[in-house]
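You will see two complexes here that share chain A, one where it goes with chain B and one where it goes with chain C.
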Partner chain A sequence: MPRRRTFLRHANLIGICAVMLLPFYWVLKTAVTNENIYAYPPRLLPEAPHLFNFVDVWYFIPFPRYLLNSFIVSALVVAGNIAFNAMAGYALTKNFPAKRAFLLLFFSCMLIPFQATIIPAYLITSQLGLLNSYLGLAFPLLSTIVCIFVFKAAFEAVPQSLIDAARIDGLTEWHIILRVLLPLSKAALATNVVLAFIWSWNAFLWPLIITREPTMQTLPLGLARFLSYLEDTTGALYAFAVMVLAPSIFVFLMAQREFIRGLTSGATKG
Partner chain B sequence: MVAAGKETDDGTVPVTGWWQRKRTRERIVVACFLLPSLTIFFLYRVLPLAWNVLLSLQHWSPLKPARWAGLDHYEEMLLYDEVFWQALKNTLIFIAVSPLAIALALGIALLVNSNLKGAAIYRSIVFLSYPLMTVAVGIIWRWMYDERGGIINFALRESGLIAKPIPFLQSFDWALPSVIVAEIWQVLGFYMIIILTGLQSIPPHLYEAASIDGAPRWAQFGRITLPLLRPSLFLCAVIGILNSFTSFDLIYIMTNGGPGHATELLITYIYKSGFGQTKFDYAAALTVVQFVLLLALTYLANLVAGGNAGSLEPR
Partner chain C sequence: MAPWLKSRWVTVPLAIALTVLAWNAYVAINAGGKVEGRVVDAAGRPVANASVILLERHFVMHNERQRTRTDGSGYFQFTGNDNHSLQLEAEAAGLGRSERRAVRLWFRAQNVSLTEPLQFSAQLP
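For the complex of A and B:
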């Protein structure tokens, strides 16, 4: 490639990346600023950066409680996704009557966005007595179709002879998944963990609907609630935003490849 | 769900007891393994869909017995409810803008998709906004648009483009475009990744052959890249449609549908009717209309993309 063109590409991409990163910089700068953030003109660099706002968030609002709730729900969702998706993915590698019908059912379920189910989903959850509970928060997310197919594809790549050998050795079906298939499908497993974590960590609409008590609320709800006290929180609000973004940025940077693989396999295979 | 292994084997081999037992056992395993996922999808996908339709045809509230309403809710919505039409219009504007975002993503994908040094870093940065919590993204953008401390007003004022700060999210004219920009910022990386996957599946020898034939680069782009990218672009379009029906978080945080109903989407209106005014039956009718629209638009996009170009179909 000619040098001039390479240079132009770099220049364009750096410009685009600067625009994409600007919001991150602006919120980070505000989070560590002590001055009146509404002063005009705003400073481009933080004056005497400090971390008081982060301490404020930790003590002035029940941040640890939100964090705990978010972690419990995310852990439930991740565990559910691994167990149920691996089971369903394994079942779908076998031949059985009406398999095509089941596959079609899964694919058509994918066309139903969760947002189109909120009214009855709320009524169903209330019938089950799960309003304001961790299980209720996690329930709709416990198994995801995209991830079932990620597992199915990974399991199909495992040689059948290996599975037969394990069966002859007397392993039960459950043990075949646990001891043979999962250790050989680490990438699919990682995809499941990352996607399930990100989806449950970021979920807002569902917790908003089914939790009424502040003690059961998760981080996004806490953040939204904090926003309504905007006038007397200012800098702390943005410290809060930085704190909830940090885990997902971390997970994303650690497992970018698995994350993208999950999304694109979901996008191209169903 | 799964038939017991009573019927004879499909093959010509006579059925043995061992074979039958194994098959029966295997089917029970399949049924048990599918059960948890099926239960979840039934409770939170299939049943709600049916219940929505039923609710939309009833007069229903939590404490009163249901009464048959026929098409009353739909009549009210389509003939008398101005907010519904406003929300529908905004949702369609959201969809209409998505080709712009897809074109932008295509441009970035083409820039990144080369043996450029540091291409992976650029890619990560563009994609970074996608997996983030939308509530936090909404708060960041609210702050960027702020009249006093926001960087956007600051930049516009300093560069002399505007004399007075614009209250972007409080203005009837600016609120919707402002929210759409934030939405594009978040989803752009996802479009880019999908297009990149498509670009990488184009066999390089096609370009080599075209170069040998002396086809200029723009002709290669128009004749090879674009046609072969059609499935990816269609997928982006479908995601754009889906997003306009589902981006609740961003609107709720940035404007809550305001000012007035200038940024109301169908999904925020459904939430407000259902959980704000406890009109579950009316919200269900809105959901049914929204869902039918979503299916119709997806189908239409599929037609435009040329039959079965999409990959939402089972392969």
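For the complex of A and C:
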């Protein structure tokens, strides 16, 4: 009986997975053919698949440049998130006056959409002279509140005695974060890496506003540009979408175990 | 071997880097910009002195880039191609035009030799 139940559960899960993966499959199938997505009747299997749409994408627009820009910005964002969020998360594990007010402020800031703060963000970036630069592109995402709380939850799970022992051994607060807390919070670290990378990789509005030259544009902007060039080339368009998606899926797959552990730990400890 | 060397965060990016490196080496060796093939009539006989046109793709249009002529054995060759999506067409007096053949390359300036010749629908007298 339990075996039959397991089988049913797995069959259900496989069915749900198939439904959820169908759009991705359709994107991939369209990318390797030149079929129109509105063709009727739709074909489940690709007919005469080929990879030349990917070659077209690589050469028709400066794809390598966009890819490099996206990687540089994402690397800056990931580095910033790990550094700043770890520091903020550690600070929030301490007791200090008005801690609750700070927590409330953080939570309420999470409710404000980025679009509402985009003008002040632009003015600050402009005042700092960071418009049309990699650092400027990464600037608003260098620290994110959700990820601060992921670190806070992970750091709170580390026994206080361990931190006290490190302090007795003469470690400074910086060293405690670097040598004790971060190595023990790999799940939170992976969560930060994955979320920061994906958010930065997919950012469209901010790069659109602060870039001045095509050479500073990132992949989502390149996708919009590509759309304006090749209006009817469905296959190449979807090939571009696959090429934009691939790195974030890759990062997620690499860190998925720790990522899921980090998120669940955040959910139960926060 | 140090344990960190076995980590997937090292092995997978390293494997990707090596693949990219190998691919770039292959591209560097094979990017000579040479396009060659043969032109035959409907009976499969080589067509000498036929004009062969190379068109290259620019977004949604194909524009003529080069012209050459076939030799006595119907052989033609273009050099200096720097595109990745081409079309080839032959024309000869008395035979009209051949079908336009799309040639897709894996990278710009890839050396390519047509496996099937360009064929006219008419026969030489």
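Note that in this section the second predicted complex is superposed on the first by the 211 of 270 C-alpha atoms of A that agree within 3 Å, B and C clash if a C-alpha of one lies under 4 Å from a C-alpha of the other, contacts with A are read in each partner's own complex, and residues count from 1 in each chain.
Methods note: contacts are C-beta pairs under 8 Å (C-beta built on N, C-alpha and C of every residue); 3 or more make two chains touch, one makes a residue touch a chain.
Only a predicted model underlies this, so the values are computations on that prediction, with no experimental measurement involved.
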{"item": "Touching partner for A:Tyr229 - first (chain B), second (chain C), both, neither", "value": "second"}
{"item": "Partner chain(s) touched by A:Met254 [first = chain B, second = chain C, both, neither]", "value": "second"}
{"item": "Which superposed partner A:Asn34 touches (first chain B, second chain C, both, neither)", "value": "neither"}
{"item": "Which of chain B and chain C A:Thr215 touches, first, second, both or neither", "value": "neither"}
{"item": "Partner chain in contact with A:Leu104 - chain B first, chain C second, else both or neither", "value": "first"}
{"item": "Which of chain B and chain C A:Pro113 touches, first, second, both or neither", "value": "first"}
{"item": "Chain A: partner with more touched residues, chain B or chain C", "value": "B"}
{"item": "Touching partner for A:Asp56 - first (chain B), second (chain C), both, neither", "value": "second"}
{"item": "Residue ranges of chain A touching chain C (in the complex, touch as defined)", "value": "50, 52, 55-56, 59-60, 229-230, 232-233, 254"}
{"item": "Interfacial residue positions of chain A with respect to chain B in the complex", "value": "1, 6, 9-10, 12-13, 16-17, 20-24, 26-27, 30, 37-42, 83-85, 87-88, 90-92, 94, 96-97, 102-107, 109-124, 139-140, 142-143, 145, 148, 173, 198, 201-202, 204-205, 208-209, 219-220, 223-224, 227, 237-238, 241, 244-245, 248-249, 251-253, 256, 259-260, 263-264, 267-270"}
{"item": "Chain B residues touching chain A - in the complex, by the definition given at the top", "value": "2-3, 26-27, 29-34, 36-38, 40-41, 43-49, 51-52, 55, 108, 111-112, 114-116, 118, 122, 124-129, 131-137, 139-141, 143-144, 146, 148-151, 154, 158, 185, 188-190, 193-194, 197, 235, 239, 242, 245-246, 248-249, 252-253, 267, 270-271, 274-275, 280, 283-284, 287, 290-291, 294-295, 298, 311-315"}
{"item": "Chain A-facing residues of chain C, complex", "value": "8-9, 12, 59-60, 84-85, 104-108"}
